[in-house]
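Quick one: structure below, then a few questions.
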Amino acid sequence: MENDNKATGAFEPKLVAFVCNWCTYVGADLAGTSRLKYASNVRVIRLPCTGRIDFMLILKAFAQGMDGVIVSGCHPGDCHYTVGNYHARRRWILFRSLLDFAGIDVRRVHFAWVSAAEGAKWADLVNKVSGEVRELGPYKEYQGLAGKGIA
Amino acid sequence: MAETRLIRKDALTKLFEKTRQSGRRILAPKAKGEQAFFEEVTSFGEVCLDHVQTRSSAKEAVFPKCEALLRYKFGDKGAVSYDEKPFEPPVTVVFGTRPCDARSLAALRAVFNWDTPDKFYLEREARTTIISVSCTKADSDCFCTSVGGGPGDTAGSDILLTPVSDKEYLAEILTEKGQAIVALAPELFATAGGAQKEPHLAKVAVQFDVNELAKTIPVTFNDEKVWQEQSLACLGCGTCAYVCPTCACFDIQDEANRQGGVRLRCWDSCGFSLFTLHTSGHNPRHVQSQRWRQRVMHKFSYYLERQGMLGCVGCGRCSRACPVDMNLVEHLKELALHGRNG
Amino acid sequence: MARIGVFVCHCGENIAGTVDCPKVVESMMHIPGVVHAVDYKYMCSDPGQRMVRDAIREHKLTGVVVAACSPRMHEPTFRRACAEAGLNPFLCEISNIREHCSWVHEKSEATTQKAIDLVRVMVEKVKRNRELQPISVPVTKTALVLGGGIAGIQAALDIANCGHKVVLVEREPSIGGHMAQLSETFPTLDCSQCIMTPRMVEVAQNENITLYTYSELESLDGFIGNFKAKIRMKARSVDMNLCTGCGSCYQKCPQKKIPSEFNTGLGTRTAIYTPFLQAVPNKPVIDRDNCLYFKKGVCKLCEKVCPTKAIKYDQQDEIVEVDVGAVVVATGYNVLNTGFFPEYGYGKYKDVITGLQFERLASASGPTSGEIRRPSDGKVPETVVFVACSGSRDPAKGLPYCSKVCCMYTAKHAMLYKHKMHEGKAYIFYMDIRAGGKMYEEFVRRAVEEDGVNYVRGRVSRIYEEDGQLVVKGADTLLGGMPLEIKADLVVLATAMVASPGAEELAQKLHVSYDAYKFISEAHPKLRPVETNTAGVFVAGACQAPKDIPETVAQASGAASKVLQLFSKPELMREPVVAVVNRTAPPLFSTCVGCFLCEKACPYQAIGREEIKARDGKVLKVVAKVNAGLCQGCGTCVALCRSKSIDLQGFTNEQIFAEIMAL
Amino acid sequence: MAVATSNIPNIYKPYLMRIEKVTVEAPGVRTFRLVFTNPEEAEKFTFQAGQFAEYSSFGDGESTFCIASSPTRKGYVECTFRQAGRVTSGLASKDVGDVIGFRGPYGNTFPLEAWEGKNIVFVAGGIALPPMRCVIWNVLDLRDKYKDVTILYGARTVADLVYKDELAEWDARPDVRLVTTVDPGGETPDWKGQIGFVPAVVEKAAPSAENSIAVVCGPPIMIKFTLPVLSKLGFKPENIFTTLENRMKCGVGKCGRCNVGKTYVCKDGPVFTFAQVKELPPEY
Amino acid sequence: MEELKNKVRELLKAGTVQAVIGYRAGSDEKTARVAFVRQPDEADGLILDPRCTDNLAVYLLKPEVKLLGKLAIVARPTTARTILQLASENQLADGQVIVLGVSADGKAVVELASFEALEKFVGQVPAGLTEEEKVLLAKIEGMSREERWAFWQSEFARCIKCYACRAACPMCYCSRCIVESNQPQWIPVSPHDEGNLEWHLVRAMHLAGRCLNCGFCAKACPMGIPLNLLTQRLAEEAKAAFGAVAGGSATGEYALSMFKADDKEGFIR
């Protein structure tokens, strides 16, 4: 992903969102059909279900230079696959705790439930995360790992 | 060329400073927990010479655990161009190696300079000065004397320091690289007088006859039972190879993103099942006993035949680091016994 | 040898207005593997699709990325176009640069850059797409219809009349739903029961329809074509086979003061009862909460009088399991409990009633036999005030949506009242009149012009009782907000239509999504109005949104036709987005190590076990095996598998990785 | 501090080669024709039959295959590979015009000069024809120097046969005896070759061992059953050649992967006679 | 001790098992090592004292060891829990191995031939951290986020990717580890900082809810990285969040294969 704000040189965070196909993706579609405006620095990667979101994908996104990651799917009880999001939630509870223990900045990983009806929530989420990560600045710690330790 | 001088222990701080000021990187044993590891140090205070042996070997100075062999950039439509910069590894002093480690360089060089010289190894070695410290103590895992070395052996060192009193080291300046270090602070080095290193060296008993071993081990090669029995406890973890100062096996891996990539060399171990696994699923060494045999045979038989020297310096690291307490000397003795008995 | 074609749609100005489409195209041409990139005004149009087809042939494309609107819109369109040109449809991916980009950002370089990134991500994905074949699954040609109102009845009859089996489940003791409660219906004023009851009888008599009344869906498992429904038949305490519906039991039942649900509490019923005389099935149930025997252990009068010994006090709930291929949800609506408008006094003043209650008052089968008498004292009201939008279109205090039918039924109510009470006064407080529909506007006009109904544009602020009369305070906004006070004998609130109780639980059982008001969400508001996001589950009637009878019936027939479409083929082709356990060379055969932790996590019990055997039959290892028929492709197992031995077709690890690497 | 760098070349740096031609030989099997992007390198480059190289898909890594073209054909090298792992998948995604890396030639060669004046029998199975194709063409291009040339080639199915055009070409040549076979069940209705496993076909074809050299390449099971047949026909182990394909990384005797006992397949091989193979520990 | 030796001799003499995995004296007085006892008289060499800490369950899945025949294994409670956890993951069948359970004080030895018996034996409390490890864990948890990052980075920087941690872990029994899965290449093979971080996080996550905290990984690490703190931290989290404790039963549920509709978290928006 290129830096969004080449012209001004101001820092624009790079965000990726892993979203489920049935709720958050549709919610984001709804934000579109509702012509809500939100920050343009998020790139959506569509997966069938939050249950499919391997925790490694989040690490890989950071390794790829992302400054923040959004993970979002159906609200509990609303999973298209009945319970995929419940499984995901358990995984995230542990993974987030591990990230924190390892000193990874968990403020850069945002988990959310955004339903198909919540276009506004999606727009709001992107704006909020974008704003928060902009405050935090580029994720230099993680990005600094690239090439480190290679003689 | 060899010259013998004396240097006071408290002068090492000064020598260390001068060395650093000369722009050299210094690797030395640093204590962590009960172990010591070779790491880059910036002050002499960090250096710890109390351990019989460090956990990691000093081979990382010349054969890093992960080094770039190649860098490339992707252009339009995936076009490839090399990202060429002169290879200039840091000028390094490895301080506090034991004589066994210093000897290991010869074994490494034998591989890396074999027919097709390996630029990366050779350049690093050319820029590396080894300042060893003789062993005044040894432990039950040490067996340098069994493989041709010794606690005060000079082979491979540029300078060998031997503590000859509470206050002084006897400094054997063995090479030009060693001289260059002395030249940084010649005032610190006094004439040796009559000091002798031998009385101060640790006593390391010879545990086996390495020449006999070279003959007897191959005899057992096809006795699968023997090797299976000997390696039954082996977890195939590879620790022995990773801490070994002479193990030179490596893997080559590409890592790339959209912009470009790097071809990396990193340590590997013949003890891993994947080491020889073909994509087809066929694995020439498909059981652990074969892999363990490979390591032993390589060090004590093949190395002799192909490189004309042993692939082991007797540092004992493999035995110390083995999580299941497999002791190499014990195994060698048992293998020799099997070999003798046919 | 990836040969990818990229097709960037302008969507008129929808995309091109904010995204520099030619620039997107230009940047694609630098990506390895992209051999063709082009932009066009309307890619989904026929010429646009032709461009895709032609390019596939001309450039021998191995993958296609269409950068356009959401894949939910046109993925099938473009996949079909690819298939027509001989490219496996699963080698086509959609990059959503409209809903996720052009519509949500201003025109800027950043927006174009985002579009480029989104398309590149898809290009990298599609390079790793594999040719997939749709999975064929057998279809059980039985439909489950939930809800026995007009929507359910219509759907059930349509399906049954085409020769397929239908299981119709109704929560109440009788089918009929709300329509059976209505008096006359707008705009024709024909009698609701007159048109409804014959259809109910038709249901009862149709050999293809199995009717479960006084029953509810317990659970639904499986997937399109192959659902397993568990239905709870609540204990009726009456043996359906023995009962002849003679009525002796409820005539003798001593508990006579129970408010009748059918009559919206305006009449009473007994403890053993049929909801109404034309009930189908016309066989009673015992309301155990009110039955003396169940409450106190004494009575058993009904048992004594029953000529066929059909009363079974010890009957238990029964669970029946049926295999069905499709589900039509037609569970209808409820009227809003007006309790949250305390200023209207509903529940406090007996003569403030809901529209549905008025229907019962006006109905010939109702508690007053069709005479409009106010509940408090049975007096015929001389002044009636109707309050439209009671709860609807009021985001502050009620519900933001329009209940759609209130304008019409309020006009009808006023008209019915005037027809019966020529000299009475009818006032309607309204916000706007929404009378879109065939003969609807004319109907409202008739109320005003022929029947002299007084329409007052304004909100009612308060209703209170004074001297035995209701005082309705409001304002006439057409007269500049002039305060208005009307003394009325009866006030009818056109209460909002809301989802029926339990709608949320039901939606969860069906795995379908629902909106903030618990109305079931259709798959697409325009193009897929009778489908839900769960394949094989369709929706009809007011459980989806407020609607009137003709619309409900039309949607029910629509849903039925979708079911029939599904049943028209012996097998069903399904997207092959399913998990697959890998196979590797011997001696490993698969990297699956058989921990079966995925087995427990699978929401569909789609993971089983498979033995890998040597030639001599010796079991070498046991690995996981996915039943592609059961797998729905959520991918929970994939994320769980430590050794990455299971992967999800269409969303493989390699594909997702490539997407991340392309960011 | 600065230390002068020596000019030891980087032995791990591949030549950049452009793919000039891609031929799909069989399902998942491709042949690349590669030309040097740098003409100077092309000028200096030589190799001999039997040698191998390391081919890079940049970003994925390197993979080892024999050079499949003959040194007698100048200006390019060819390789044939089956898409199996990460690198070969990376290579398979490349098209004409793309650049890949080529490091080599490495290893020993077939002693073609020593074979002059002899009959040569080639026995190959499946994807093992490519390493032999190099020497076949080398022999055919210097046809006068050799006596009878017999090629016995088998694959599992007709579709799995590689170099179909060249098989036809060899078949048409009067100075080559070509026998092709497919495993039972692998034939198509119009299949004109033999049906049966390679060892049986070799036995039936019964090439003379007199003044003959045999070159055998194929899956281990094929080799295992072919050797006794050749032996029965009178071929001596020192006159039967093969090429071993142990896993390699460096190709130059350092990484330790291809060791078979003290033998480095990359340096001492890949070409061995069966007399030599017999002496190797069973680790290949 | 004699009790154990007798039991081993009995089992071997009766042919109930062909080999017993136990401990024998190691290369120095501080070390014990694994013993594969196949003859009754070899039982004399068995030891059982505080040196015997290795989780011998790691050998139960090794093909070479399986070839020895039916096995018995000397197991302290942690090893016994490991066996149950392996059973719950379908890696060991009931009756496949006879467990010679050693009580926590190291004195009593009981023969446990079934998982049911084993379940009763292991009790409820899994092994915790040593006092030293607890201090370190508390220290890490007390750090600021930046300090924690720096701490782990300095630890991981030493990692040489020898995977001894994996080899020593009885729960790392995958036939192809994720690090060896290269299409896609989930984790860089090379031991640089990024690859090391990813490896240690993935290892910890893969052991989340499965780790028995035998500490063998940390012991095996030649570079002295306190690896078990990562897995133990997650074990604590799994217990706190889901009440999940590994190794209690042969039919136990894996914390991540199941869920509760009311699992609590405070971070999902």
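Letters A, B, C, D and E mark the chains in the order given here, with residues in each chain numbered from 1 onward.
Basically, a contact is a pair of C-beta atoms (placed from the backbone, for glycine too) under 8 Å apart; a residue touches a chain by one contact, two chains touch by 3 or more.
Given the structure is predicted, the values throughout are model-derived calculations rather than measurements.
Participant: Among all chains, whose Cα centre is located farthest from the one for chain D?
Facilitator: Max centre-to-centre separation from chain D belongs to C.
Participant: Taking contacts as defined above, which has more of them, B-E or C-E?
Facilitator: B-E
Participant: Of all the chains shown, whose C-alpha centre falls nearest the centre of every protein C-alpha atom combined?
Facilitator: If we average C-alpha coordinates per chain, A lands closest to the whole-structure average.
Participant: Could you work out how far the Cα centre of chain A sits from that of chain D, in whole Å?
Facilitator: So the centre of chain A lies 50 Å away from the centre of chain D.
Participant: What whole-number Å value describes the gap between the mean CA coordinates of chain C and chain D?
Facilitator: 65
Participant: Could you grab the centroid distance between chain A and chain B? Build each centroid from C-alpha atoms only and quote it in angstrom.
Facilitator: Chain centres of chain A and chain B, defined by C-alpha means, are spaced 46 Å apart.
Participant: In whole angstrom, what separates the CA-based centres of chain A and chain E?
Facilitator: The separation of the two C-alpha centroids amounts to 34 Å.
Participant: Touching at least two other chains at once: which residues of chain D meet that condition?
Facilitator: Where chain D meets two or more other chains at a single residue, that happens at 85, 98.
Participant: Multi-chain contacts only, two chains or more: what residues does chain E have there?
Facilitator: Each of 178, 183, 185-186, 190-192, 256-258 in chain E touches at least two other chains.
Participant: Check each residue of chain C and list the ones that touch at least two other chains.
Facilitator: Residue numbers touching two or more other chains: 32-33, 584, 588, 601, 640, 653, 657, 661.
Participant: Okay, what are all the chain pairs that touch?
Facilitator: Final set of chain pairs in contact is A-B, A-C, A-E, B-C, B-D, B-E, C-D, C-E, D-E.
Participant: Along chain A, where are the residues that touch chain C in the complex?
Facilitator: Contacts found on chain A: 1-2, 4-7, 12, 14, 16, 22-23, 25-26, 28-33, 35-38, 40-41, 43-49, 51-55, 57, 60-61, 64-66, 74, 77-84, 87-88, 91, 115-117, 123.
Participant: Write out the stretch or stretches of chain D touching chain B in their complex.
Facilitator: The contact residues of chain D facing chain B are 1-3, 5-6, 8-13, 16, 56-62, 84-85, 88, 98-99, 101, 220, 245-247, 249-250, 252-257, 259-262, 264, 267, 281, 283-284.
Participant: What residues on chain A touch chain B, complex-wise?
Facilitator: 64, 147, 149-151
Participant: Which of the residues in chain B end up touching chain A in this complex?
Facilitator: 64-68, 89, 257, 262, 264
Participant: What does chain C use to touch chain E in their complex?
Facilitator: By the definition above, chain C touches chain E via 584, 588, 591, 593-598, 600-601, 622, 640, 642-645, 653-654, 657-658.
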